[in-house]
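These are the structures, in structure tokens.
Note that chain A is present in both complexes that follow, paired respectively with chain B and with chain C.
Showing the complex of A and B:
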């Protein structure tokens, strides 16, 4: 995919996206506060728990929301004053937002035509092929799975080969195979010089998609920069892992002996362990269970746990 | 095909898709054509019958209901289900988006109303009948449609229950309030439409008593239509899209 950047914009000049002290509030509720960052070509992940202000930020970048305070600039200009900037922007918004009566091909072609492409049909076919929707191109959107509909939205967003691609939770509804292919596609697009901003509330997704991340918590920028450096910061904070097993009490006794374990609480057949290293916990747990003859029924990190890590990052600033 | 024209044709397709066109066309045509069939065989002056049917049924009910229904769903339904982002995130100025949606609503309304009125007129007259009357009715319908669609589009950008509020205006304000307070006709699209009808019929032997003169009616209709469209454009440019 070759990016179509505005004529006066090159990758060497200025930021593609620039937020300057952007704030958005609704009455007394502050959705995003004093947010500043810049985006340049490559893939950047926007990470944060649900309600952190990710979608608000993405909508402001797209020009769907007006800042209550501050500025949002695309290619150095506010998009609200220059709709022609949409020639260089592709957006996969949150939610469904599809026309159920259209087929995949007619939906993507509509995007191409509204972008003013001269050969809209060929552009649509190419975009459909890029997201592996070729065999379903003549199916109506209302009959597709959530993952297929999501890929159709992506095809509509990339049909005009934008210089800036914004995706709000794009992996929602995709199966593991589709996710892997999609992540590869996003990496290729980013490597081709496109500026890609992808939001997610799942750390593992962002890790596979982006090398640079922005972490939003409660409408504020909690951390930004290289993914690995931020992950190391997060690793300092204990995470909570919930385990359901046959003999949770005996398992707890083994887990508390691990050097990375901070605390263990037992409640019936479940235990909640706080650990400084989820990785070493995940390695040790099956071995402990096997040694003690216990069966594991469920193992998961809790959402509150991730929220606590995000809040820790906010507190560090 | 330009982007705006493509947006217009797409919007027309959305409004007239599936069975919606057939259902609305039947709902409009039946109350106009069926009475005309009976009038044709009765001892009734066709022109008088058609004019009264137009004044008592089309102007107060069918015209506002059809125009407001299409206008409020043209952009409003896309705002509610979120599909409007497919159109707004494109290199098309928002006034052009609004213009395309407005024209789609107007065209859809006229596609339903004009044939039904023409068929009802022809059936009642047992032929072409008075072409002056037909022309006047069609002209008044076009003027009313332009105004009601502008109002409906504006309401759909201001509130979720735009159709309900629009119908309340048409049926309560224009129907009840204007009848007891004639000066309120200056704030009534129905009043403007009747004024245009009367002006078009002048000299055709079917003079009408209307609350607004032809010039006032035409100017007010134009002012209200343009004001509603300007306000709608400002609203669309400044509003946050959910």
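Showing the complex of A and C:
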């Protein structure tokens, strides 16, 4: 089998990754149940709260665990029967999985050698440059920031320019600048025809990374498809806005009169309002505060977290 | 740099392409892990603290040999063979035990402790590749102590003898015995040390456990032999893990056992101890394979 065979096969068959009724359980605990989806070239986000089954799903795709039931196919084949499929896959596992005493260059080079690349040094240098780690190439991993270590892991995963790239919580620990550059890199890789699967529990991250998303809740697929379409489907869900003001009680009386407000709860100098329209709430709030002579100290939505999205999706099931 | 403009935005084509070049085979992958292991065990490209134990043991293994050869060169008449190959192998046996006890855990434990197995096993590396590479790394470094100093000693004896050709002719079988003994000891200590290391992800626990079993088994064998009365008690000689290599070496070189010792009274010969070592290696290999194949990344 040649290195490019899986990619060729992808072009011919379409789905790079295919899960068919995949289930995984540990004793009596069901981690993932009856999961089916296909991945094609481009960036897909895998979303889910802790314990939703994201890592189990990623591990199954990577061949690190066997399905209790169902099938996981990569390029049309089960990875457990063909370890050479790893030549076409790049994986960035979660957590700090690195040899701390290696330098960035020697770490990435080791992965190039494990992939059997003939010019491992050149491949390592190219991958290090891709993730903007060139100036730090000779630094030991233990002296790097978390974001720098994440980028090094990514360099190790893309050193052989894989057709399928799997990243488990890759943006953890990166500063905003690093995130922006990293997101750009992932988008470039996706645009180049690579199938990229990125897991995260932060909605905002995935929104910037991927247009297609898969949402896992309690080991089941709660939603899949275009991110914005799913978000629009959830538009009728009331959202919570937290406001800190001088006179929260008086402000609450004004807010409850707004047609979009569902409920208001006051706690000292803070109030929580449930609204069906964040936009109209945001427009009305400053005017109301000015009319009542109240100073606003803090205004933020509290349920943008994925947990809330999942709660909503679970409620719809 | 090419720009790809789409209605949704602009993406800069930085030349990302699938790798379509040639790939090397299994040997390259195994070699990469093995070399990384050798570097790790010897503390190469790491701070001085990681070098203290391996290089200290290497100095102890090579030091006497080099000193002896130096004395032979400088004071040829004064120095004779002041230790035999069997004696030197017994000294080296102690060093090998310490070396294997630290190097085996160093090779296996951090991979689990630092959670890097997922990185390794999502590359085209099978469990058997991994095992082979780790074993190759340990065999290489243990062999460095078990075989090389003795070969250097043999060469030193040959080159400083009155007639190198005569010495070589008369002692060629010693070279064969050195290679056999060195290889057997290398395999014995390497496989058992890796088996011990495969049972825990803590280096200190693996090292202490390994040394404890070797030293404890020797003490137990002696206590049973000299204090208990039962039929066939001479077989307890095979319980002493730390005693097996030395007795095999003594038997191989025909050195004879020290009078009054367990080995002397048990009346087993070198081949008996070789078989016992083979059984221990087989058991250790079974544990090692079982543990590595069950590794979860």
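Rule of thumb we're sticking to: the second predicted complex is superposed on the first by the 257 of 317 C-alpha atoms of A that agree within 3 Å, B and C clash if a C-alpha of one lies under 4 Å from a C-alpha of the other, contacts with A are read in each partner's own complex, and residues count from 1 in each chain.
Everything that follows uses one rule, which is that contacts are C-beta pairs under 8 Å (C-beta built on N, C-alpha and C of every residue); 3 or more make two chains touch, one makes a residue touch a chain.
Computed from a predicted model, the values in this text were never measured in an experiment.
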Original post:
Once chain A from each complex is brought into register, does chain C clash with chain B or fit beside it?
Top reply: clash
**OP:** Considering only touches as defined above, state whether A:203 meets chain B (first), chain C (second), both or neither.
**Re:** neither
Original post:
Which one hits more chain A residues, chain B or chain C?
Top reply: C
**OP:** Check whether A:171 is in contact with chain B, with chain C, with both or with neither, and answer first, second, both or neither.
**Re:** neither
Original post:
Of the partners chain B and chain C, which touch A:101 in the superposed model: first, second, both, neither?
Top reply: both
Subject >> Which of chain B and chain C A:163 touches, first, second, both or neither >> reply: second
Subject >> Partner chain in contact with A:187 - chain B first, chain C second, else both or neither >> reply: second
Original post:
Just chain B (first), just chain C (second), both, or neither: which does A:116 touch?
Top reply: both
Original post:
Given the touch rule stated above, what does A:66 touch, chain B (first), chain C (second), both, or neither?
Top reply: first
**OP:** With the two complexes superposed on chain A, say which partner A:35 touches: chain B (first), chain C (second), both, or neither.
**Re:** neither
**OP:** For chain C, sort through 6-14, 114-122, 150-158 or 168-176 and name the stretch that clashes with chain B after the overlay.
**Re:** 114-122
**OP:** Could you list which residues of chain A make contact with chain B in one structure and with chain C in the other?
**Re:** 59, 62-65, 83-84, 86-87, 89, 91, 93, 95-99, 101, 110-111, 113-116, 156
Subject >> Residue ranges of chain A touching chain C (in the complex, touch as defined) >> reply: 3-4, 7, 59, 62-65, 83-84, 86-87, 89, 91, 93, 95-101, 106, 110-111, 113-119, 123, 130, 153, 156, 160-163, 184, 187-189, 191-194
Original post:
Across the complex, what residues on chain B touch chain A?
Top reply: 1-3, 6-7, 10, 14, 17-18, 81-83, 85-94, 237-238, 240-241
Subject >> List of chain C residues in touch with chain A within their complex >> reply: 4, 11-14, 16-25, 28-29, 31-33, 36, 45-46, 50, 110, 114-116, 118-126, 296-297
**OP:** Flag every residue of chain A that touches chain B in the complex, lowest number first.
**Re:** 59, 62-66, 80, 83-87, 89, 91, 93, 95-99, 101, 110-111, 113-116, 156
